[in-house]
Amino acid sequence: MWDRFVFELTQATQEIIRDVAQLLPRLMVMLLIVLIGWLVAYIVKSILRSILKFARFERLSENAGASQFLRRTELPSSTELIARVVFWIAWIGFILLGISVLGIVGLQQHVSNFFGYLPRFFAALFVLFFGMLAASFFSRAALLGAVNADLPSPRLISSTVRTLIVVLTISMAFEELGLAERTVIVAFAIVFGSLMLGLALAFGLGGRDLARQFLERRFARYKTTEEREDELSPL
Amino acid sequence: MPEETILTDDFLRELMNVGEVDILIGVPTFNDAKTVPQVVQAIRGGLLKYFPRQRAVIINADGGSKDSTQDLVRAASISDAAQATHIQALRTLHSISTRYEGGPAHGRALYTILAGADLLHPAACAIIAPDSVNIQPEWIDRLLGPVVRDSFDFVSPMYRRHKYDGLLVRNLIYPMNRALYGKKIREPYPTEFAFSTRFGSYFFGQDIWSEDVGSKGTELFFTISALSGGFRVAQTFLGDKDRIDHAPADLIPAMRETVGTLFWSLDRNFPAWTADKPPEAVPTLGPQPQVSQDTLRVNRKRLYDMFVHGVAELEPVLGSILTPATLEQLKATAALPEPRFRYPDDVWTRSVYEFAASYHKAVISRDHIIQALAPLYRGKTYTFLAENRDAGAEEVEQNVENLCLEFEREKPYLLELWDGKK
Amino acid sequence: MTTGAGVLTSPSSSLISVQDALWYKDAIIYQVHVKAFCDSSGDGMGDFRGLGQKLGYLQELGVNAVWLMPFFPSPLRDDGYDIADYRSVHPTYGTLDDFKSFLQTAHERGIRVIIEMVLNHTSDQHPWFQESRSSRTNPKRDWYVWSDTDTRYRGTRIIFLDTELSNWSWDPVSKQYYWHRFFSHQPDLNYDNPDVREMMWENMRFWLEMGVDGFRLDAVPYLLEREGTNCENLPETHAIIKDYRARLDREFPGRMILAEANQWPADLRPYLSPDEFHMAFHFPLMPRMFMGLKLEDRKPITEIMQQTPSIPDACQWCLFLRNHDELTLEMVTDMERDYMYDEYARDRGMRLNLGIRRRLAPLLDNDRRKIELMNGMLMSLPGTPIIYYGDEIGMGDNVNLGDRNGVRTPMQWDGGWNGGFSPADPESLYSPLMLNPVYGYQSVNVKSQERFDHSLLSWMKGIIKVRKSTPVFGRGSIEFLYPANHRVLAYMRQYGKETILAVNNLSSSAQAVELDLKRHKGNILIEMSGRNIFPRIGDLPYLLTLGPYQFFWFRLRKI
């Protein structure tokens, strides 16, 4: 019986050694890939950072209001942030590639899922970023417009516009990510719809006169008998 | 912009029939049937009286009038085919009209007229506004004379205006333009002016026609180009500048056309306005510009209110544009109660320069920068009105002069802002 | 037998037939001064024999009528317009027989002869005036207009502004003022006197019987004076003309009278009628042709033509570019006159009275193209053209000779002795020859130009031939086209079934012009010199391109 045990042990050990021997090269390859991946990711990050700096991405980000946001949350600047994110994604991608080389079956599926998910992730980031940009731009435009048209509570108008666009953007991002799509859509619809309804009621009922004045002032130049506030012409 | 789309076949045929001319008068129009007959008559009278032997043409660039503007201009022709002209004229005078695309836009009209001038190569050209109801035939001589006789490249007009008229020009465009380019052009955004073919061709060849400045605010850029391009510039006194019927331009579009163009051109003409030149007098013909004093209804309180509210509400925006120091001063000014309110010249000058620098760096959308300037301008207007309420012509002139000197004094500050930190 | 052009082809003894009463409509008139044309006698002045020798040249040129400037006995203080004897020939030009012989030769060659008849005034050397002034009771006293004061007919304009200060001159002999619209040595005859009227008719009849084909009646508007008028174009003057015309038609049908009346077309119109003059000079058109050329704008020309009234079918305008007088600027506005002076006569010496005393070639800067264009218009506008002697070879002028003598220098026949004009000593010529390298007789003369097809003379022969090839030019109607390109003068001439289109580029640069010829759609254009075909007229405006100063004559044909 001792012989059998020794035999089995020897065989098992030999098998293990064989398996390990089979695995080892793949492991070496994987490590190599990981190493190369790190290198590549680093290079990509550097290049990307240079490109973004050259394209003055920072300024765009300032305009979007993203920079302020990041600063407030103690995150690094947007250029740096993007560069780092890209670095990590690239490296993780290579790592996963390396892992797939190991030939562990279940993992491969997850790897491909990961890569499949990536575009949507980027799309969502994209939507978010430009949504923020739009929100910043349009809210500022609304603010300026309201101030120059002498409307009451311009800040309120401005914030409303910003909020609406941000909410819309977030909804779109979530939809893109595929997270709780329907819920988000419905929630957004409700919020947006009720806001609009509220505004309509406010304007329609409470703000009738205000609306009328606003409209009249906007379209004053088409009325020839309208009395103007004053007769100054800047040119 | 390809020329083919500007010169329709019909217009080209008409230009062919006109042939080479010595003088070209351009009239940009849009629904001006009420005033254009009288303007065109004055132009014609001026040509017959002062340039009877010269070959001349009147070219009307129309932006899509729905009334009979174009026909009224064409009716001014003097030719043997038109029966019953009781006018004594040595020569045929062509008066042709064409419609341009993308109208109504003064820049597009100017482009069309310059295209015509490029083909007919006159010695001198002038642009006349179709609603200048105070125009006299003498204006033709006053505008074209310096170009024809004394080889000036650009002749800018001067008027007798109401002291409250054209405040944007008086408080911003004129002083800043003068400080930057060193020439005292009173009406840098003219509706009538004259120029030589040399300058006209140069301007026509610029690559600005597909930009905003190619449609609106072009005349201001025209003036700036003359100043920065080393051309011979003169000014001439014309007469009264009428104030009627112009829908007083909404402030924001007006500012876009003028301030926007001015700021935009700073990038382009950097070498010209940074050159260290002392201010030069511009040869001026005729009397100095005058100021009339008729009573005018102004709503000053509204200006004050809009300034104060503007500064308050736009603080985050202004924060991106102005330096903290200036913003503080501005807020302090806004805090003054109305009776004591005054927007001092130096603060205004610095504000404007900081806006210019921010525009150059495009810290936020450039159009938003222009819009953000509007409340500040209103405040300055209030101050101007208050200071000059009982002022006579000379005092008004002196106040404007003081503002100009302030702009000149602060010019180094602008240069500092331009390159340095915000 | 006659052709429509009034020139016969059968070689009979006289090529002139009286049957063609409208010969003057087809005429091409050559204005010549006997004194300046050809001297056969060697006395330094041209004469009739010499002129007769040159008739062959004129026949070859193509002209079919000759207008002789006054050749009557005269003190020659106004180049023969101051006549001292109406029925004779000045001895330096020859004898009456010489004239008759010349007349006959001319007729044999198919050339009609038009002479001057100065009705309005005589020389103060004329026996009539000598008698009239001798005493206040002389029978011929009333033959002239006498007055005790010089204030009568106040306001009448002075015509020779450069020399005369008044229309009245004091006669020391009979101690009264006498009236003269021209030089003071040319007293006006008094046409209120029936004897004067009869005598002048007899003078005309004298020449008509000899065979002369027509008269140019000088200074017609001024025959009579009436207080309170401008003494021009008075109804009584017209009555006298009517009387003469009636007699002419009765006794000498087929002869012609031509009015010299420098008036606006509207004032001229009454003279042109079947019972007054056959022809009249269209004075206002001529300076405007020059103006149009300088301005490079057809407007002056079309406007004067618009103001020209239509005339009876039997009447005809006489057109000319230059003549023995100054290029008159009486009938233009002050602005136009200033322009013409500045452009054509910068040197004040060229200005005379109210005109410019230069020949055609110098006026046009000796530019061959301009000379051709102006002659082309002369030949195609409605009227009978007159060529001034020497202009067919492009002779120059001498402004340093006084009065209007600068344009009356000797004809230049060849490059030899006296330019072929006279065998006499050069110093004895009536006028110095042109000597400068550009216009002198060695450069500009008939002989050298006859040798080359490209000379101006050859060109003139060609254009005259084309003109004579159709009656449309002389007899047709005119309709101006008004193309948008104002530098191009275009008009249609029509007579019967024939239509001709003339297009003239008045500018010094090439032009494109679109003509509205819709009415003549379907016609082919045939250029009349080379007879080449041009495109047919379609629906679109007809596009033509013309070189500087170029002109086209097209015949329209529908095939």
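For clarity, chains are labelled A, B and C in written order, and residue numbers in each chain start from 1.
As a convention for this text, a contact is a pair of C-beta atoms (placed from the backbone, for glycine too) under 8 Å apart; a residue touches a chain by one contact, two chains touch by 3 or more.
The shown structure was predicted, so the numbers you read here are calculated from the model rather than taken from an experiment.
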#### Entry: Central chain (distance from its CA mean to the mean of all protein CA atoms)
B
### Query
Counting C-beta pairs in contact, does A-B beat B-C or the other way around?
A-B
### Task
Could you please state the distance in Å, as a whole number, between where the Cα atoms of subunit A are centred and where those of subunit C are centred?
98
### Query
Cα centroid separation between subunit A and subunit B, in whole Å?
46
### Query
Which integer distance in Å separates the CA centroid of subunit B from that of subunit C?
60
## Note on the structure
Touching subunit B in the complex, subunit C uses residues 291, 295-300, 302-303, 306, 333, 335-336, 339, 480, 482-487, 507, 509, 511-514
### Message
Quick check: in the complex, which residue numbers of subunit B touch subunit A?
### Response
164-169, 189, 243, 246-252, 254-255, 258, 296-299, 302, 305-306, 309-310, 313-314, 317, 362-365, 368, 371-372, 374-375, 377, 381
#### Entry: Of all residues in subunit B, those that touch subunit C in their complex
13-14, 16-17, 19-20, 52-53, 55, 79-81, 88-92, 94
### Query
If you look only at subunit A, which of its residues touch subunit B in the complex?
59, 62-63, 137, 140-141, 143-148, 150, 154-155, 221, 228-235
